[in-house]
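Both complexes below contain subunit A, partnered by subunit B and then by subunit C.
Entry: the complex of A and B
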């Protein structure tokens, strides 16, 4: 909503707006106020509390009350290899999943953009993974699909000489990313499909008349047209996938070792297994700062995407 | 030129989103104080572990019997997996949020919580004035493990040691005999002979990271190989030769002859595997016998039992019990005790027997159960060895050499919760093959070294 608001008044207009009285301004603001207050209560106040805890030594498993310990928690965050490891893993998981899901999404969208018998059925089927609850999807993959003894994947791969691969032990990170891709490909596909269907058919016809082949048409016309849609898909996908927790918790519990412990799961473990409230709060604060930095760049891109749209 | 406002406002928006995300990740960090206590008198909220004896028996029997018997008391259950249960309870008792008025804990938590003043002294408060409860009947090692300064702070729902389950048919076919008191070397040679990759694993062992999961089994191996977590000066011993030898042995055994994907397996997964005939041997909790008997009758007929394998010590079984305690200051504590005493009583055992048969009765808590002729008959194959296993444990002297701590498959210090998980993760990594045993133990040693001896020894 910020964006639309920003894009609305063209700056060149020199006409001085009619003076808006104080009362009118409040009348305009009032309907937004409940939402604003709610947002502040559920995000900013807890964030301040988290900030407060991040300067405390506070453990749930000892009777000692919380006490101020300065920057010690932050020092631990930055010196702890476990934090760095989980940060790197978060990035690897998100980037791989988003890129692969997007490539597959474009591929399927192009296929689905054609007219064929039963297209709507196929489209519904293709969207299904995105509609499954993440934790249910993770459980289905962890059990019936990837189980080394009873799993469907091993059963199907048996004719190809694959025997009893313990996917969640030997390829844990890959398995988790696989499930993320499986869930998010339909989302990417939907967004790209919307882009494809908004492409004017006359340009395509013109290209055909000019003698462009299918691939050249895609490269020169379709892809540039899709670019903002792809950027939007990448951005939204990254925002959601960087928070992946369900798949990690339900499939590998961060293991084996720490090979699938991403940032959200690391935070969860700090609270739920180490009961280190101060340390977890400090990790959370550092994560927020990093997220803001990344998101600022992403949002600039977001703004550009919409400008592109308008032009 | 329209950028600056965009960026500023956008930043604010992102800040909100980011804060929200971080809060979602650590919501349990900030919002603990707001949990309400039960105002509705006569409501008992019980936090329990999702093991078969609880989900399959305790919960349905509570609805069908306890609540009929006491119409004024409403019992609500919160079931968790082992790891989540600990977190939920720890949060609850340490912040006095009193979301639960009955908690299921074990011999690790009970003395620590009692020392911190987080649990009701059951001996003084209730058992002394409730002669029907017969606390003297509790098995001595179990009763002792749940006591602090001589008083009970939790009472056992079921108790267990560890032992070896094996498939008698497979042993016979291979011409092997399992001794009553096997050594780990013998077990390894059996596993080598019985292992048929893709069909039957030589031995099924826990690999899932967690101090109550893979570390429970590994710790018993470490103890009998002469290893220990700390020496008398609280110096971590994870890289000492016996600890390394034991870990190498365990990891190699499970990697060579164990079930595929062991790094994700713990009790419940292994029970399924064993129940489907995928394991020639299975080293786990004695209570598994009860589950095998009730859930997998065909495999039950072929199952033989042996004591926990040893190396340098005479016995090596662990000791655990899932017990019920009442947090200090919990509401409706009278009703809570009614429930606790009902679920851990002899009458409860007869109730289970009526409904599910004697072999399904929660084992390992009361001496009287093991002299009950009905139980002895129904649970004949495993009753005596369970009792023998539990009675041969000594959590106060768990290792070959003296140690400053108590606990067989855990160390009764608050730091162990986190330390045990860290080492468990490393060992799981070694089992999965993502790192070597020496790397894993090196990492464990440095995790243990971050605590000073003074911190570890605490005030006690």
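Entry: the complex of A and C
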């Protein structure tokens, strides 16, 4: 269990410095082409079309054909508070869920790193939330768990003076984030646990012999060792969580009001409720530009995480 | 005197480690208990979902919630009477897209690891960068494209998109397995005069087949659970299990038990797969970064 170096060039590239003939180069490329062409066609063309429609006025529920309307859609995006609001909520949801899930994940991983009776059973119990179908998780939380009248959560919180709280109306955003955290903590835990278990035991022994306390050992040795694992967990968790749609759709439909409308849900509404392809496209283009800015950093982080053993 | 001294000295020397051991053991028990409590607390919603699924509808909506009740399979019968088309679509979209991912992913991973193309690193990062582009941003135009190519509400639109969705992850993952194929085996095959196809078929694939299985499992999980694209691009002819769940919440009336049964049925396959394949789960989710 180690993070692999992996991106170091396989040696044979260096071993054969002679010019590779054209034929040979195509032979090398051939197996890559189907996947490459497929990915370019399926993932890039929709974005080009998005760019095209972002300059059009097009409502798919009306017979009127699409027509060019310049930057009008973009003007709406930047002046309409709905976009800004949903962007902010997306960021709040993702950042909160990722950070809390990671903190809990580290805590659980430390718990599971020790030997105790039934450890593998507890591990299995803990990873289960991640395996529940996201929309099923959201619906079960919204219904049997958080129902104001019959929900298990209100029942369990009764001794603490909580009485029939309508969580999805009064704490909608928090409830959605709660479900995101519940589902993603196991993921973070698995990654951090892999990091803990890859830690060479002799350094830990040495620290103990030197009389280092448990906390000092964790701070000075374990945490630096875990860092790339934590970065990897944060990175992958963010990639998935920023697209959270299922929990919003199944729990709150973006409400009450727009209090849980994140970007994916806002785009969904533009297409399905407002039939506004042009507006959704412009929102999409702005989203993609923002994503590219963030992804540039993320990709750099990726390269670093996957290479760290080379250093 | 000396006798008493040794007599007392021995137990003293003995008592300390014994005391330490007791402390250490009770500490271990404490950790164990804490871990169990946390684990059960985390599992509780799943347990509650399964319990509620076995309740009659009237017992699912009571205050205080019922923990003891006479279990019934009525909700499951109801689910199984309605899930036919949904589960069929889900099975088709999941299996076909996973097969396509493997067919496209194995050669691509080969070209990025065993005999790497020039600029293979750029290729690798191109694939992963597509995972970062939010597909939600293109949903309006995707709808229009699907409409104009007559793919709207057909199972093919899901197969095509799920394949693209899982392909980058699969390529990274399969590549990480291919890098573990011993160099000697590849060289031996080359000396035998094996061509590229024989090299893949007779040397690499047998070695990485467990890796391919875990890659397939990860793809199956993501495709099976996908809601956003299905909800936007299909209505009835290709509606999948996640949509079945959404539709199991009625506008009015009692539904918590029925919903729980549907959620249980939809989740159990992936839960079982994940429980069995815990090890490969970590590797798969980290795209091969963690072995």
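Quick note on the criterion: the second predicted complex is superposed on the first by the 295 of 311 C-alpha atoms of A that agree within 3 Å, B and C clash if a C-alpha of one lies under 4 Å from a C-alpha of the other, contacts with A are read in each partner's own complex, and residues count from 1 in each chain.
Basically, contacts are C-beta pairs under 8 Å (C-beta built on N, C-alpha and C of every residue); 3 or more make two chains touch, one makes a residue touch a chain.
Since the model is a prediction, treat every value here as computed from it, not as a measurement.
When the two structures are aligned on the shared chain, A:39 is found in touch with subunit B and with subunit C. In the superposition on chain A, contact of A:191 is made with subunit C only, not with subunit B. In the superposed three-chain model, the partner touching more residues of subunit A is C, compared with the other of subunit B and subunit C.
By the document's definition of touching, both partners, subunit B and subunit C, reach A:291. When the shared chain is aligned, subunit B comes close enough to touch A:254, but subunit C does not.
Judged by the touch definition given at the top, the superposed model places A:231 against neither subunit B nor subunit C. Applying the stated contact rule after C-alpha superposition, one finds that A:274 touches subunit B and leaves subunit C untouched. When the two complexes are overlaid on their common chain A, residue A:170 makes contact with subunit B while staying clear of subunit C. Annotation: subunit A residues 2-3, 6, 39, 42-44, 46-47, 49-50, 53, 60, 147, 149, 239, 243, 245, 263-264, 267-268, 270-272, 276-277, 280-281, 284-285, 287-288, 291, 295, 299, 302-303 touch subunit B in one complex and subunit C in the other.
Subunit C makes touch with subunit A in their complex at residues 28-29, 31-32, 34-36, 38-40, 42-46, 48-49, 52, 60-65, 104-105, 107-108, 110-118, 121, 123-145, 147, 160-161, 163-164, 167-168, 171, 176, 179, 196, 221, 224-225, 227-228, 231-232, 241-242, 245-246, 248-249, 255-256, 259-260, 262-264, 266-267, 270-271, 273-275, 278, 281-282, 285-291.
Put simply, subunit A touches subunit C in their complex at residues 1-4, 6-7, 9-10, 12-13, 20, 25, 27-32, 34-36, 38-39, 42-47, 49-50, 52-53, 58, 60, 108, 111-112, 114-119, 121-137, 139-141, 143-145, 147, 149-152, 155, 182, 185-187, 190-191, 193-195, 229, 232, 236, 239, 242-243, 245-246, 249-250, 263-264, 267-268, 270-272, 276-278, 280-281, 283-285, 287-288, 291, 294-295, 298-299, 302-303, 305-306.
For subunit B in complex with subunit A, the touching residues are 1-3, 5-7, 9-11, 13-31, 83-84, 86-87, 90-91, 94-95, 112, 116-118, 197-198, 207-209, 259-264, 273, 278, 414, 417-418, 421, 425-426, 428-435, 440.
Taken together, the subunit A residues at the contact with subunit B in this complex read 2-3, 6, 11, 39, 42-44, 46-47, 49-50, 53, 59-63, 147-149, 163-170, 172, 239, 243, 245, 252-259, 263-264, 267-277, 280-281, 284-285, 287-288, 291-292, 295-296, 299-300, 302-303.
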